[in-house]
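Written below as structure tokens is the structure these notes are about.
Residue numbering begins at 1 within each chain, and the chains themselves are lettered A, B, C and D in the order written.
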């Protein structure tokens, strides 16, 4: 049973409404870029000031876990694109399947993240004032882990919000509200999810690989 | 609130990404991830950072152009997304003009050290007379050295006190002081310790610190009687002869002290697998040794004392000590302790010592 | 035909409305309420500074009062005032649209603003905040007042500003009436467009800065805390990267209002429409490269001082272009002295002094002596109160008929204008001299030699307060019982005047078509029908 | 008229640089007056001349003139570049200290200034400097941001914890010059006031050698009658309590401790001697000389109930004689 969508009265046509919503999403992504950007600027400044500390400290990060998380997120981006294109082509069952896959991959990302954080806590590699690890003697090392926890933590919050949105999409797709005529929310959540993946694409090398 | 529109109009024809392109781009992203992980292994020096950034940007461009449809979308949205990176770059570059170009005076040297060195601490001429300065020095030393056994208020209820027989002195009560409660007598206890009890000699501390500790410890109970000149002479201080400390108490040999000084700060070893303390040796260890050496023998236990931040006990991990190898050395150290370092457990018999050594060897094995 | 006020009745209809006009009014009344609160704190500060030593409060309370004054006035009054209150009401009508692009998002922005304001002001009832509205570390990390609540409140209010900006950008892109090309866009919309760009690009950095400061206070992450190895000057970079563009969020809409009022009351086209439109856009871009002039003596490197001082000089050029164009607009005009025009004169007088003293502060050598003194306090009050608040008063009077369908009384308006102008100058001009003599800002107690000028300043603040209270009284009375206003009392050409006052729920009975440039004023009064290509 | 308002009221010219600073400041003042009259004057004239109610008023249809716009873009740009260059030039002389400057270390801490000289002396709130010789201050803070500001020298620089910043000046006017803290630093930010005491060569030599020097006038003024009386009556030595009062003011105790019972960050000292005080941890103690000495040298040891442990240590900053004078003064506070 597909319900029909009627565009808001103050738009001339459904297409105008769709274009407006899409551009609104892009403007929102601009604010997200600048919000994460602030953290990348802090990373850039501190890396410039204490390059050797960064190099020393990044060895304590679990590169294998970071790499798996990167693969997981890229796979979830692929499944999200396939979900969007399936909805655009009206293939509701494929769309539902891919949305579920994306949701599970996101869950897997969080699980890996949980183990990574647990390991850090156990080793005493905590941010700022709570840093009690013994091996890493550099006085500025706590700053690296402050940045690490704030950047990956904020990103994790965005992954959680993304999972909520995907679940909301799944429910409405299952009810048949989207199809070739109306798929705006699906495309917008797709943009958001790809953006979350895009942030991680930068986070992973900068924190885990080159440090 | 939306007014009903008769016909359902679709929002026109929009580009739909073909599955092949989606999978192709996805595969490229996975490939690039593998590439960037591999390149990070190769040490290109400063170049590593730029290469990593470049690969990440290529991946980001792929996601934005294909997955987020920028390639087929109206140019406006691309321009909007692009400006955000432009303003981010402005933020980074202009902030860098400050942070990376701080010139002459902005020296990042150790500041607090500088502040203290200028205001030198005045030398105390007659340490055996209680002065508030010595009392506060004593309090600082007490919180570092003595809190473990004698407790924060000096009632002999410290965390390590549970396993000690006889129990540590309760300074707040007047009775039971083996050497007496005069400053010089407490000073003597600090120099020689109380043989047969866990009270180790603290000869390694400078004389002034020992006096400071003595005065502080006595200040916790009622006021002690004053020292007479003979009392002071007993501890080698000729008051009439200008009050110089005539002979210094026996201190540990120089090379031992040097080794102690040069040994790096003891670090907690990696905690081995948990060893259940079901054996008699295990229970004995937990009761009498764990409070200083750590349940898994990792050493350097963090002890939060009177002062704010954690003070680490100077215990090395068990795996680091050679004593565990030979039973004779192990038993002699455990029963009569190490001067100024470790209290002896004189009350243990032979079988208890061997069980204890068995348990310790298991801990050491787990740490290897 | 019901208008938007009588379209539906009852509190629920207002609280759940999606009508941009009602949301605009709700913003207006919330902002004015906080303006009253902030004003009371301002009077308390001036009372305390009436004489050296303790006058009515001790130092700790004084530090909290000037923090509340700063935080309330910046985050809850002057940033939302013109864009969210007047902008929400007027922008869709000027575009010829029925509503903003995302009405539900617009209502959500209002409630986010209220939530943030409540969280921030809840600190008033607890241990308050004594860090100043700038929250400089490491003091803002050390203080045991409830500064975290004010930080969280400002963080939430930031999103209201972002979403309003987003809404306006998309509305201007997508909802322009047929014929309303970019070159026929009224200058108020150009100003709101530039403001929205700043809101969208700068406020997220404030969000991350406040978030990091909250983490500093709660989890001691140490990025800005020198005790753990961070750098307090880095916090100042993060803070001012938002806060300098924020002062342009405050002044650009004000310039937009003035660009609308002066041509209408001079019955003459605006002078140099393109120059003003592009300078609004120019200011929005230049706003992002000059923040370092707040930090010349903060321990910043000499290279940064050089770069920021040079770049700041270029901000003055577009601002100067605008001021000169407004004065040129009045040349050979037919000038009517209605209240909006009076406030426009007030704006020009005060903003000119504010702008010129800005050049003092941009000059490196001068800044060293006068920064962090009362010279700076006077400068930013001239620009903010003299600029944004004067323009707010001009806008409130200019669009009063459109809001309420009633006219405000001209007589009392002249009296309150005189009180405001005299009171303001009396309060803040002496502070320039105090500043040049070296009296630092945020001082609870000062040396006896500064007493005389502080007394004059405090007296001036009473006149200023009287002016605002009197204006509130007669506007409130006129709102309810003013004589009915025609659809276009000022014979203006912009679209919002081409519909009834107060406008119907859907703004326009028939969808408007724009045939001409909005500043097509001629004398004698020729209806703006003759279509002409752009000059 | 503007001359008096703007220039007459500038602080004294304590150094050479202050002179060149003032000339740039006056240039900007007159430039601003000109542009103010141009804009606001133009506005008022146009408003009067083209009033709507004068008969035959007709608005002229003008929409702009590219020539005029070009002029009022080019002229301000050129002027601004000139101002920038002049400003940067004066700034360079203000911030680049000559190599042979006499160095003094400054430590700002919550609500007082500490000065550490090369000859090992330390003073609180009073910075003694030689006349006509460049002095370079190397500054840092122990807790929060402060800002070292001497209006007479047109000198200001934030004092940042975790970093050294510096200022330099060459006093050309003898006497005391006010020091303010210009960066908000908490409760007694307005009480953090010191003074630079510029000494003539002779007095400087005496002071460096540690001898007492006579009273120094406020800069630009002659010795006031009271100060003269003091120096005149050099013979009649101040009572110990009176000297203690001077030390109490000089060391910045007044910033936190009131002597009249009013609430301040630190406990009031009115009638405190000889009474019992209660501490945060419940202990009590009689206020006697020993307790006062301990509170001055190690204030964190025992903190009175209801107060924060924020008092900095004065160990090594207060000599024995000053300490005894201070104790006598506190004893006299009934």
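Just so we're on the same page, contacts are C-beta pairs under 8 Å (C-beta built on N, C-alpha and C of every residue); 3 or more make two chains touch, one makes a residue touch a chain.
All values reported here derive from a predicted model rather than from experimental measurement.
J.: Tell me which chain's centre, taken as the mean of its C-alpha atoms, is farthest from chain A.
T.: D
J.: Where are there more C-beta contacts: B-C or C-D?
T.: By the number of C-beta pairs in contact, the winner is C-D.
J.: As a quick test, compute the distance in whole Å between the mean CA positions of chain B and chain C.
T.: Centre separation, chain B to chain C: 53 Å.
J.: Using mean CA coordinates as chain centres, what's the chain B-chain D distance in Å?
T.: 42
J.: Centre to centre, by mean C-alpha position, how many angstrom separate chain C and chain D?
T.: A distance of 34 Å separates the two centres.
J.: Please output the residue numbers of chain A that touch at least 2 other chains, ranges allowed.
T.: 8-9, 19, 23, 27, 30, 34, 37-38, 41, 45, 49
J.: Considering chain B alone, which of its residues make contact with at least two other chains?
T.: If we look for residues of chain B contacting two or more partner chains, we find 1, 76, 83-84, 87, 91, 95, 99-100, 102, 106.
J.: Which residues does chain C have that touch at least 2 chains other than itself?
T.: Answer for chain C, listing residues that touch two or more other chains: 173, 201, 205, 229, 231, 233-234, 299, 302.
J.: Over in the complex, which chain B residues touch chain C? Could you list them?
T.: Within the complex, chain B touches chain C at residues 1, 76, 83-84, 87, 90-91, 94-95, 97-103, 106.
J.: So in the complex, the part of chain B that touches chain A is made up of which residues?
T.: 1-5, 8-12, 14, 16-19, 22-23, 26, 29-30, 33, 36-37, 40, 48-49, 52-53, 55-56, 59-60, 63-64, 66-69, 73-74, 76-77, 80-81, 83-85, 87-88, 91-92, 95-96, 99-100, 267-268, 300, 302, 310
J.: Touching chain B in the complex: which residues of chain C?
T.: It is residues 18, 173, 201, 205, 231, 233-234, 237, 241, 288-289, 291-292, 295, 299-304, 307-308 of chain C that touch chain B.
J.: Over in the complex, which chain A residues touch chain B? Could you list them?
T.: Going by the criterion above, the answer is residues 4-9, 13-15, 17-19, 22-23, 26-27, 29-30, 33-34, 37-38, 40-41, 44-45, 48-49, 63, 67, 70-71, 74-75, 77-78, 80-82, 84-85, 88-89, 132, 134-135, 180-182, 184, 187, 190-191, 194-195, 197-198, 201-202, 204-206, 209-210.
J.: What residues of chain C sit close enough to touch chain A in their complex?
T.: On the chain C side, the touching residues are 97-99, 101-103, 105, 162, 166-167, 169-170, 173-175, 200-205, 207-209, 211-212, 215-216, 219-223, 225, 228-231, 234, 238.
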